[in-house]
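Working notes, structure below.
To keep things simple, chains are lettered A, B and C as they appear, and every chain counts its residues starting from 1.
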Amino acid sequence: MNPGSRMPESSAPSSPTPGTNPTPAGAAEPTTAARTVLGEADIARALTRIAHEIVERNKGAADLLLLGIPTRGVQLAHRLAERLAQIEPSFGGEYGTLDVTMYRDDLRRQPTRAVGQTVLPGSLDGTIDDKVVVLVDDVLFSGRTIRAALDALNDLGRPRVVQLAALVDRGHRELPIRADYVGKNLPTSRSERVRVRLSDVDGGADSVVISGVTP
Amino acid sequence: MKHLLTTQGLSKDDAILLLDTSAQMAATQSRENKKLPTLRGRTVVNLFYEDSTRTRISFETAAKRLSADVINFSAKGSSVSKGESLKDTALTLHAMGADAVVVRHSASGAAHQLAHAGWLDAGVLNAGDGMHQHPTQALLDAFTIRRHLVGNVGEDGRGTDTSAGADLAGVRVAIVGDVLHSRVARSNVYLLHTLGAEVTLVSPPTLVPVGVETWPCRVSYHLDETLEQWQPDAVMMLRVQRERMSGGAGGAFFPSPMEYSRKFGFDARRLAVLPDHAIVLHPGPMNRGLEISAAAADHPRSVIVEQVANGVAVRMAALYLLLAGTDERNAL
Amino acid sequence: MSTPSTTAYVLRGVRPYGTDPVDVVLADGVVAAIGAPGTVEVPGGATEIPASGQVLLPGLVDLHTHLREPGREDAETVFSGTRAAAAGGFTAVHAMANTTPTQDTAGVVEQVYRLGQEAGWVDVHPVGAVTVGLGGERLAELGAMADSAARVRVFSDDGKCVHDPVLMRRALEYVKAFDGIVAQHAQEPRLTEGAQMNEGIVSAQIGLTGWPAVAEESIIARDVLLAEHVGSRLHVCHLSTAGSVEIIRWAKGRGINVTAEVTPHHLVLTDELARDYDPVFKVNPPLRTAKDVEAVREGLADGTIDIVATDHAPHPVEDKDCEWASAAFGMTGLETALSVVQQTMVDTGRMTWADVARVLSENPARIGRIDGGQGRAIAVGEPANLTLVDPDATRAIDGRSQVTASDNTPFAGMELPGRVVATFLRGRATVLDGAVVESTGTGSVTLEGAAR
């Protein structure tokens, strides 16, 4: 089962904001060739660095809970958990999944989205109270997904602190949200598309690809 | 999905999406905070022309758990006979800006008309129309069957449901009782068939509709033979309406309640004939001692209470899929 | 009173019964001349009607019309219904008895008769109820209605079945005295309690209470045997099933004096139309299956079924714009009947226009024992009750633009072939150029004269 399989690309513009209309429909914007901005080794290095930063910032991995946001955030959380387990043997390598679909603010602007699964590591006994939660997502863009994630967390319990890790921060925030851990800051124009490809989700080699407007 | 009116014609993909979404909804219902913000600002009207406290409460709970505003519109007795009221009520609901209407009506086709007569542009969810359909009942039955027979949740129903994405291929379901007047039977025959299950209707010949031959199921007049030889994985007992038992000369569909109970009632003896994994369902409310004995109803393999809980999750899923997306939705 | 002031008409190049073109002159209320194009003598001042390619039929006669007045003037009145009849090519209709009050006394049938005369669109022949108030319990005063100014010859409890076999026998026997006929609405009441539509595959799926074919067939079988036993005439209204056709065929083969009718809608529509629960398709007897449609077409073509009758049943919007179970039974038919017969029987090659004249004019006039020059041959000296049809035209049917006061046509949105161009009632045009000619009430005089 891949609960997020019906989710659109998480890097797609989540909600066109009135006034800052990114691409008027039918605008003749030239489509630039896709270019790879991060390769497999870059991604691996970035994740290792983020893992170290998490341990450093939180002075260890006690009470740490990684929650990936479907689809690719879950795989990234899985990889971060593996790295954390190597750095901090006390960390069990567990991670969870946080589906935010039912908390989104753009449901009525999109075709109906399938609801994904929220899974907490079995060791938690269903509570996230007093945990140090690190949300993991692939691309940080408008911030609306993270806003939804914060609401979703709220319904699960009361963490001690919530932090955010993103593989790519492409800017254009629409909410006062920032990432605590960033793999790469990537200046983009709104009309560009950033795609994270992970071998265990998409097949092929890991990469982050930036391309022009997709017609 | 603009409306949910019938299970006949529901695609397998949509059926599985409904069941999978129900599973996710069910997962949120074990939390301390059961309420989701998903349908905030949307208005769901429960339009009930027939008494059904159970169904109405189930839909009301589902809508409220998704933060929708719920308006209960009990139109019972307000002139089904005069007819005009359904249209006028629809126009009223339209003027009030209802986003979805959950309708229960004694007239077959009332939900279809509400959706298609041009009186109203809200999504319509059929909560039972006459002898026609009751799609969320069938979905909750299928969901319950899938959890137990495919998802391995265990006898107590508390295990992790591993059936996401799965259909009901090869599952054998016997539906027993008054098929003729039953919207539950009609809804289940089509949905279970779409999901790959095999269905046998078991009923006295007087309670099988003329024209049943096109339904995707088998028909038997003998409960014991079906249980022993066909070995169903699930047995669904239908409620026998009291008014079917008498009704004056020629009005009764069987000679006596005792004879019905002897030939078509489900009890511990008949339960013992079933395979160990088999489950027993009933849409409620039950006539204990008529179509089902207390021993069978309260047996560990009876999932009747769980059906009620699953009803909320299934109705949450249906409301979500009807209301959450853009307004350009496709009719089911 | 004054003599009818009818204009003379000459129909140029018209084809009587669809045969070779001729010119037909109508003058002084009769067919004055028929001859090869250009050869007939035309009276001065005659109105020329170019009718090349058009078909001339004897004026249509409906044995089964619901005019609703008195009682349900919100659905139809004698005036509006007969105006619709003229628009549909009819020159006579039989007004069914289920009015309020019921047409079960001489007073009520005479009222309807006079309303028809005053309207002047067609001859109105009231049908008398068989039982008091259609109650099925005791015979209405059949003799008084027969002797009344309305000269009733057709008796029917239509809408309800005369289900008591003794009562039916008595009615069949009693009307022999004045050459009357009982037109039975064949519906066994116990087998159709709460019934909503044909019992079969569709009813099983969509959950509407079924109306078994046997409920119709069992009554027809009983009645033909009763008619044989007492030596009476029996007419079977709107038969709808293949089994009914078989029984009538058998009865006629045995020499039983039975006639049968089919409605236009049963010639073309099926129970599949109920799937969307649009009550415009709710009708009594119900729409049946494609197999039944084929059987009634065959029965009509081979003469087993004698006539097509509309069972024109107008209803106000509120009786149809509601749940199926609450909706009224019935559909309008006067303005579409000829087109449906053309589409299903003529255009398919199963009947000629002469056959159409037989089933829509000659036979119903004979069964109803009406005069006034109805149902007669198109011949010099005959009363000019005529219908001019353009078989090559097509029309999109729209309930609201029909002449009848009600909108409940099942053919709305469909294209049907054929158009009534003109209707003549004893030489007076009630319809010209496809539009009704607003009446000045002169028709009453001629009808009164003719009916005596």
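Going forward, contacts are C-beta pairs under 8 Å (C-beta built on N, C-alpha and C of every residue); 3 or more make two chains touch, one makes a residue touch a chain.
Just so you know, these numbers come straight off a predicted model, no measurement behind them.
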If you tally C-beta contacts across A-B and across B-C, the winner is B-C
Relative to chain C, chain with the most remote C-alpha centre: A
Indicate the whole-number Å distance between the mean C-alpha point of chain A and the mean C-alpha point of chain C. 75
Could you state the distance in Å from the CA-based centre of chain A to that of chain B? 39
Separation of mean Cα positions, chain C and chain B [Å, integer]: 47
Residues of chain B touching at least two other chains: none
Note: in the complex, chain C contacts chain B through residues 190, 196, 199-210, 212, 276-277, 318-319, 321-327
Can you name the residues of chain A that touch chain B in the complex? 1, 3, 99, 102-103, 107-118, 126, 151, 155-156
How about chain B: which of its residues touch chain C in the complex? 8, 80-84, 86-87, 105-110, 112-113, 116-117, 129-133, 183, 186, 209-215, 250
Which residues of chain B touch chain A once you look at their complex with the stated criterion? 1, 17, 20-21, 24-25, 27-28, 30-31, 33, 35-38, 66, 164-165, 317, 320-321, 324-329
